[in-house]
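Labels run A, B, C and D following the written order; every chain starts at residue 1.
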Amino acid sequence: MVVRGYVTLHVPCRYSYLRIIRQSVMDLCARAGLTEFKAAQMEMAVDEACANIIEHSYGGETNDEKEPRHPGIRVNLMHCTDRIVVEMLDRGKGFAFEQQQTIEPQQYVESQNQRGLGMFIIRSFVDDVAYETGTRAGNCLRLTKMLH
Amino acid sequence: MVVRGYVTLHVPCRYSYLRIIRQSVMDLCARAGLTEFKAAQMEMAVDEACANIIEHSYGGETNDEKEPRHPGIRVNLMHCTDRIVVEMLDRGKGFAFEQQQTIEPQQYVESQNQRGLGMFIIRSFVDDVAYETGTRAGNCLRLTKMLH
Amino acid sequence: MRECSIELEEKGELSILRLDGSLDAYSFPRLESTLGQLQEGGKHRVILDCAALEYVSSAALGALIGFARRAREKGGDLKLAGLSPKIYNIVELLGFNKILEVCDSVEDADKRFGSGG
Amino acid sequence: MRECSIELEEKGELSILRLDGSLDAYSFPRLESTLGQLQEGGKHRVILDCAALEYVSSAALGALIGFARRAREKGGDLKLAGLSPKIYNIVELLGFNKILEVCDSVEDADKRFGSGG
């Protein structure tokens, strides 16, 4: 698979950096010629996944003092011949991805605890999702969106 | 020196990625509370330095096919207590930084070959410049701008 | 992409919130507290002017649905106005346009409130 | 930050180029070739509408100075209009405001051309 473009990012475990991650996603998608609509789906899936890393895998944001030693979030964005691939890596606790239940937006708005919409978006807004815990680089969630 | 925020970027050796680097600079500067004017100076110094890496250290852009194996440009942006530090790393040929002549804008516009304005901007738009060739991570140019 | 800014304009019974930038996990709490204050102050007719909105997260949309419902219980509503095609597409994809009222513009939303909304 | 878009409007003798986004090592060659074409076509009165310009590199500014000079030799000029404070500051810091004519707006630049500029 020929890599035509890439951006690798490493940012602290803080919500205020989600914006810069989304920006990089949109930039690479535009570069790859993805439609605005598909790019917006990829943007949202990545944003949800990164917010989940902060909230669930790391159990919340780090504070300033811990930041330099905190492993943070690594994001590898790649534009390959026919697809955009985004990998998100963290060294938090990870989770049993396959067992995680998703919730349809319709049920979500009727539910009490409002959990699971993020996983629905991640699964339904991209063409392929793969998750692996405990790789050498940490937990890795890989989202793939085809250009056509 | 306490690091309060950081963004680490790795991008291909292509001019089209300068924009994403500048964006990250502006984002970190805003976060650090740098004035718009100082942020614009840092943005321009980093942009000139990265353009120089592509043009001079690597001798031009890579083409798509070579990209995955090309070392590209690494940029470490840090917001420390009282300063913003941006390091740019490349594995190209590097140069004798101290021997490089700078040219004042006034002379620049009168000169024939129009060389040296980039170095002037890099030197005069930030508070400290350090350059080292052949470190373990490659050639490293470090620009520092104080917040106050 | 810009940080989120929120501007409040009070126009009679109406509260118009102009959003600029992106509503994500970082910025949403700020809008949430503004909306909470309006609700506590008995202001239940709210228009979110989204013309300059660049991004909205699903959690933010979910919370907006909650606000809209509570407003409706008090005879008011929370309406979205001026969504960009990009954001409208997302809202539609999630089916949230069936739950939240989405208007073309602030004027349009204003009118709909006027006629008993 | 947006990619650079360039729009050309011809208004009598005047060529107005609307720049949107950032002029850097990547996008500048495109503006350079547009300016080159204007010059070849004998169009020497050019206004760059910079109101939506977010960034301009020093190399781009240097090249604009070259274009302005060649235009002046033909009795024309290249004027900058509507610079944001951020960009104006940079231009001033480099002293390029003494070489390039910087106008408040396109109308202002237009007027200055009118009076024999």
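By our rule, contacts are C-beta pairs under 8 Å (C-beta built on N, C-alpha and C of every residue); 3 or more make two chains touch, one makes a residue touch a chain.
These figures come from a predicted structure and were not determined experimentally.
K.L.:
I'd like to know which chains remain joined to each other by touching when chain B is not counted.
P.N.:
Without chain B, the chains split into A, C | D.
K.L.:
So, what's the distance in Å between the C-alpha centres of chain D and chain A?
P.N.:
41
K.L.:
Taking the mean of the C-alpha atoms as each chain's centre, how many Å separate chain A from chain C?
P.N.:
Each chain's C-alpha centroid was found; their separation is 26 Å.
K.L.:
Using the touch definition from the top, which residues of chain B touch two or more other chains?
P.N.:
Correct list: 14, 16, 19, 23.
K.L.:
Multi-chain contacts only, two chains or more: what residues does chain D have there?
P.N.:
Answer for chain D, listing residues that touch two or more other chains: 3.
K.L.:
Tell me, which pairs of chains are in touch?
P.N.:
Per the contact definition above, the touching pairs are A-B, A-C, B-D.
K.L.:
Using the touch definition from the top, list the residues of chain B that touch chain D in their complex.
P.N.:
Chain B reaches chain D through residues 14-16, 18-19, 22-23, 26, 36-37, 40-41, 43-44, 47-48, 51, 54-55, 105-106, 108-109, 114, 117-118, 121, 125.
K.L.:
Which of the residues in chain C come into contact with chain A in the complex?
P.N.:
Interface residues on the chain C side: 1, 3, 22, 24-26, 55, 57-59, 62, 65, 85-87, 89-90, 93-96, 99.
K.L.:
Mind pulling up the chain B residues that touch chain A in the complex?
P.N.:
Residues in contact with chain A: 2-12, 14, 16-17, 19-20, 23-24, 27, 31, 64-65, 67-68.
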